[in-house]
Amino acid sequence: MRLHEYETLDIFEQNRIPVPRRGIAGTTHEALQIAGEIGFPVMLKAQVLAGGRGLAGGVRVALTQDELEDVAEEMLSSDIKGLPVRKVLVCEKAAIEKELYLGITVDGYSGRPVIVVSTEGGMLIEETARNSPEKVASIHIDPSFGYYPYLARSLLRRLGLKEQLIASWSDIIGQLYNIARRYEALIAEINPLVVRPNGGLLAVDAVLEVDDSALSRIRFPLPDRIDRIENPLERRGREIGVTYVDLDGDIGLISSGAGLGMASMDIIGEKMKPANFLETGGGITADLLYKCMELIMMKPDLRAIFINVYGGINPIHEGAKGVVRYIHERNVRIPVVAKALGNRQEETWEIFRSAGVHVVTETATEKAIDKLYELVGRG
Amino acid sequence: MRLHEYETLDIFEQNRIPVPRRGIAGTTHEALQIAGEIGFPVMLKAQVLAGGRGLAGGVRVALTQDELEDVAEEMLSSDIKGLPVRKVLVCEKAAIEKELYLGITVDGYSGRPVIVVSTEGGMLIEETARNSPEKVASIHIDPSFGYYPYLARSLLRRLGLKEQLIASWSDIIGQLYNIARRYEALIAEINPLVVRPNGGLLAVDAVLEVDDSALSRIRFPLPDRIDRIENPLERRGREIGVTYVDLDGDIGLISSGAGLGMASMDIIGEKMKPANFLETGGGITADLLYKCMELIMMKPDLRAIFINVYGGINPIHEGAKGVVRYIHERNVRIPVVAKALGNRQEETWEIFRSAGVHVVTETATEKAIDKLYELVGRG
Amino acid sequence: MSILIDDSTRVIVQGITGRIGSVQTHWMLEYGTRVVGGVTPGKGGTTVEGVPVFDSVLEAVKETGANASVFFVPAAFVLDAFLETIDAGIKLIVVVPEHIPVRDVMKMRSYAVEKGVFALGPTTPGILSPGKGKMGIMPASLFAPGRVGIISRSGTLSYEFAGILSEVNVGQSTVVGMGADPVVLRNLADILELFERDTDTDAVIIVGEVGGEQEEKAAGFISRRMTKPVAAYIAGRQSPQGKRMGHAGAIVRGAAGTVDGKQKELRAAGVEILESPIHVADWARKNNLR
Amino acid sequence: MSILIDDSTRVIVQGITGRIGSVQTHWMLEYGTRVVGGVTPGKGGTTVEGVPVFDSVLEAVKETGANASVFFVPAAFVLDAFLETIDAGIKLIVVVPEHIPVRDVMKMRSYAVEKGVFALGPTTPGILSPGKGKMGIMPASLFAPGRVGIISRSGTLSYEFAGILSEVNVGQSTVVGMGADPVVLRNLADILELFERDTDTDAVIIVGEVGGEQEEKAAGFISRRMTKPVAAYIAGRQSPQGKRMGHAGAIVRGAAGTVDGKQKELRAAGVEILESPIHVADWARKNNLR
């Protein structure tokens, strides 16, 4: 779960990382009030959970009250990367001597947390990493050894910095590492970490993504995770416990397993367009698949439904009962193709067929999608 | 720093260890009120920081209101092991099926925390450990690996217990370990840990001793450490930053280093009696030794003073100035013998001699104490 | 032969008394796996599907001579049970459950490496050696004995590939689910190495997916050390770019993680890229596999 | 020869710019110790007593070839600096400061053991080899070159014993302060072993004190492995029993910790017990030590 920037800045502040004076505004009027307290110029930052926000116009400066009114008005009625801007962060525009980068993430390959620093922070940090690797340094932390300040100091020494900056920056690394540990962060990032003309540091932007699997044991207050999903269908998916991603096609998809779901999308995509990605995980019941049918049918103008499930950990015959109940109750008329293999497959096929579902018994998903295309292709 | 039992029980309760219903009373009236809420019978437990309290009459039962009045009255006007009883813990007297023992301490030799359990808790636990070692089990925790519940389960399995008891007891071990870690405990102990007739566990007594060197970084509320020292001289020692132990002799002692101080006491003790133990640590200044003189002179009827210091890390010439200033200002007339060797010893001797201090320049402390005995011995 | 599971494998099932644990024990036994015991603290002395249940792993190992374990333990207890299992001397562990916190997985992995334990998962369907046995949840009907090894990041896609091959009478030596989490207990290259050394495996299929850098790192291993033919399918070309959450990952990994990037590096290492799962049948025919 | 400090010892002083660090650097240099550098983050490029100061231990090691370090670092920073020092490749560390939390000492000890580093302290006066050099705060005037080794749990008592011997012309090979904390970085037996192997040491004195179980465990080592004469003094017979704080320690240690208990076990191991410090002179004469 990714936190909003304004939520993350609050957490940073509680953990003694220097952050700008700021306020969160839902209306232009509120934005004006906050700017009045902070003093101009101010930054306005759209609070949407999308990367590359800066390049998409989500970060703007307002030098005067008039300018702020225009910018806030415009921002609060815009979309950034498809997400409506509901809140704007209004914050102090600090004088900048230099922009640094600091990020802590999990390195999946080595299975260790990694701290990444660069003397060239800002929006083009990834290019810097590619083109000037000497300006970037990183260190892996042994999870059983833990983090110690000297590790940060020796990391920063590799960038050839002055001792004063090493001292203040390594303090912030320690605080960010502590936040990452307490909040079980997959990513904790400050970009840019600004050096002010007086030498002080300021975390001007803040990213915190928390491990969903650890949410129940984090002992610190966190925002509600379902409320923050903008898309109502994706929110509904989270509510019933499946992964749903809204797409712009017209073939509904239910799959068990993310890999199988992705492969199904890839194959559908060759000649048609998927309306969604839906992955059930290992908890299939009749009730769950009934709700999955309900969910994918919330999209208007669906032309067909493809169900692709395996009976390994999942009781697919139970799942089939839920699908069939939905088809009967709601009188579904668009074609439904199902591929269902594994434990109790014959039983499953019979249940599907009882509701007119086209069952494909071959293994290859391509064959099932050929069938689907045959049924709707020229429709 | 050792916490009082009632303070420790509060911490246990906050950390989900089951503890008796209870209240803390400074008067018989308060004790009656608490017992009224809990219901009879109740236990009364003298809140003094001394071991072996139970065998010394500091733990009593009251079956009725009258009995409670008598016991509370008596307890609140008594001393236990020389310590006045200022507060009494009044608590529920639970029905007992069995008494267990659980302790977590630091094993100095291996440099690791150790968890100790026994199926025979209670006041005679040390005898049990000596005579029936099969009823005691312990496990060392690797500090970089950490504590996990399975370690407690496998420890308890060695005592041949039922699974139900293993489950509930290992929960409490986990909670106590967590407390020991958070509070940097040198000792965390529950004795007895009572098994109630319904199978539930109850921490009937609670010990928590916190590492003094870690006090400043413990993030949880702790009582004031100086306030709780009963002896006013020992409290004063803590205030000025030295270790002072009040004894019942008449030879005042100032030493730098605990080992040297103990050896000095041992040698004094052969023919005389030390009035105190005082160890300066490595922070000698003129001011500190002035205050040390003031402190040891607070004991009436002192017959002589022995100063035994080394100039290694300590500037003993500075210390001598403080002693001499005190002797002059307060017109000290009892004999003062000083042995002061190491860096700047000659300078130190001269300063001492300027105030009539008898300086012994040989190394052996025995020689200095012979001199002291000569000066006061037949007094 | 085969990898990981053979005739000497004696399996215990942790969490055997749970709903999934007991059902899967049934299927594992039915497939011929030597399931010698189960563990659920507090349920010692009972039996599940005729298999004796113990309170602790140590007891199970002592009583049954088990040397492998498959996990159906609730996510919150997996870390503790995993460490217990290693301390009891088990050398092969399959962690089926999903939703285990990444911090726990990192700790598990570092302890397994330290103690020389081979562990797979989390979120893995397990391991299956056709005709020999299985540890996990793979549905037996899709697999057939043969000489092709499969390593999959996705559970259900491993069934798909095995099923397609079985339909054209190409059997498998062993099918291994690596696990789908950001951190897994063993990396792809380690498993490739086992297949390279296995005398009963003639070729290997990698079933990968978008994200991470397992396939890229494996490409390095393949070009340096693999002599057997390798084919790879990478799922996720049509998947919307995951919402980008920060730069640190991208900086650490560089360009890695995309379908194109993975295909490019694997191809450069001599791996045949399968654009769609069904192409695996042609590849098998072309390489005379069976 | 001598133990721990010899002609190849190149010392850095951590916390060299502090009040105590700079004074003690002066005394160490005056005693002939090869102090080659100092470390205080942020003070790199300056000098103290003519010794160059560096910002990091790694830099100090690279520039000076240091192989030993003595700590005058504030207690709160000792753990971090200690780990840094080990990572920089230093193999001998003397931790002089007192009041270091026990949890930190446990971590330091376990890392030192893991990395094969010999460390002493905390709360130690350090090590002194008369005529060769010293790492720590021992006042030079009390020591004289010779062939008796001293190991002391107490700082000032180590000076006392060396001073008494020096007065009767019995010199020391090396004097080692173990440190006075509940957990120390090296146990007594490890240091005894160094003296046993040192060809320039003829006999060893243990200066112990009440509490803990260092002396008891050392007795086991002495009876199994020591061939050289050993004498021991245990301070604290008159000390009031420390207020008892719990049973766990007593259960772990059994009867250990008392002066009588320690004397009994040492005597059983063939150690001569000195009832008072001054008796060490007679013991040395009796054993023809010099």
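Which chain is which? They are A, B, C and D, in the order written, and residues in each are numbered from 1.
The working rule: a contact is a pair of C-beta atoms (placed from the backbone, for glycine too) under 8 Å apart; a residue touches a chain by one contact, two chains touch by 3 or more.
None of these values were measured; they are calculated from a predicted model.
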- Would you mind checking the shortest number of contact hops between subunit A and subunit D? 1
- In whole angstrom, what separates the CA-based centres of subunit C and subunit D? 53
- With chain centres taken as the means of their Cα atoms, state the distance from subunit B to subunit D in Å. 27
- Averaging only over C-alpha atoms, locate the centres of subunit B and subunit C and give their separation in whole Å. 56
- Could you say which residues in subunit A touch two or more other chains, in rising order? 144-145
- Item | Residues within subunit C bordering two or more other chains | 111
- Arrangement of touching chains [line / ring / star / complete / other]: other
- Message: Dump the list of chain pairs that touch, please.
- Response: A-B, A-C, A-D, B-C, B-D
- Message: For a test of understanding, state which residues of subunit D touch subunit B in their complex under the given definition.
- Response: 20, 24, 27, 75-76, 96, 98-103, 105-107, 109-111, 125, 137-142, 152-157, 159-160, 163-164, 166-167, 180, 182-184, 187, 207, 209-210, 212-214, 217, 233, 235-240, 243-252, 254-255, 276-278, 281
- In the complex of these two chains, what residues of subunit B are touching subunit A? 144-146
- Touching subunit B in the complex: which residues of subunit C? 41-42, 44, 55-56, 58-59, 79-81, 83-84, 87, 111
- Residue set of subunit A touching subunit D in the complex reads 145, 148-150, 153-154, 157, 163-164, 166-167
- Message: Touching residues of subunit A toward subunit C in the complex: what are they?
- Response: 2, 49-52, 101, 103-109, 111-114, 116, 118, 125-126, 129-130, 136, 138, 142-144, 184, 186-187, 189, 191, 207, 209, 211-214, 216-217, 245, 247, 255-260, 262-263, 265-270, 274, 277, 281-282, 309-313, 341-343, 345, 362-367
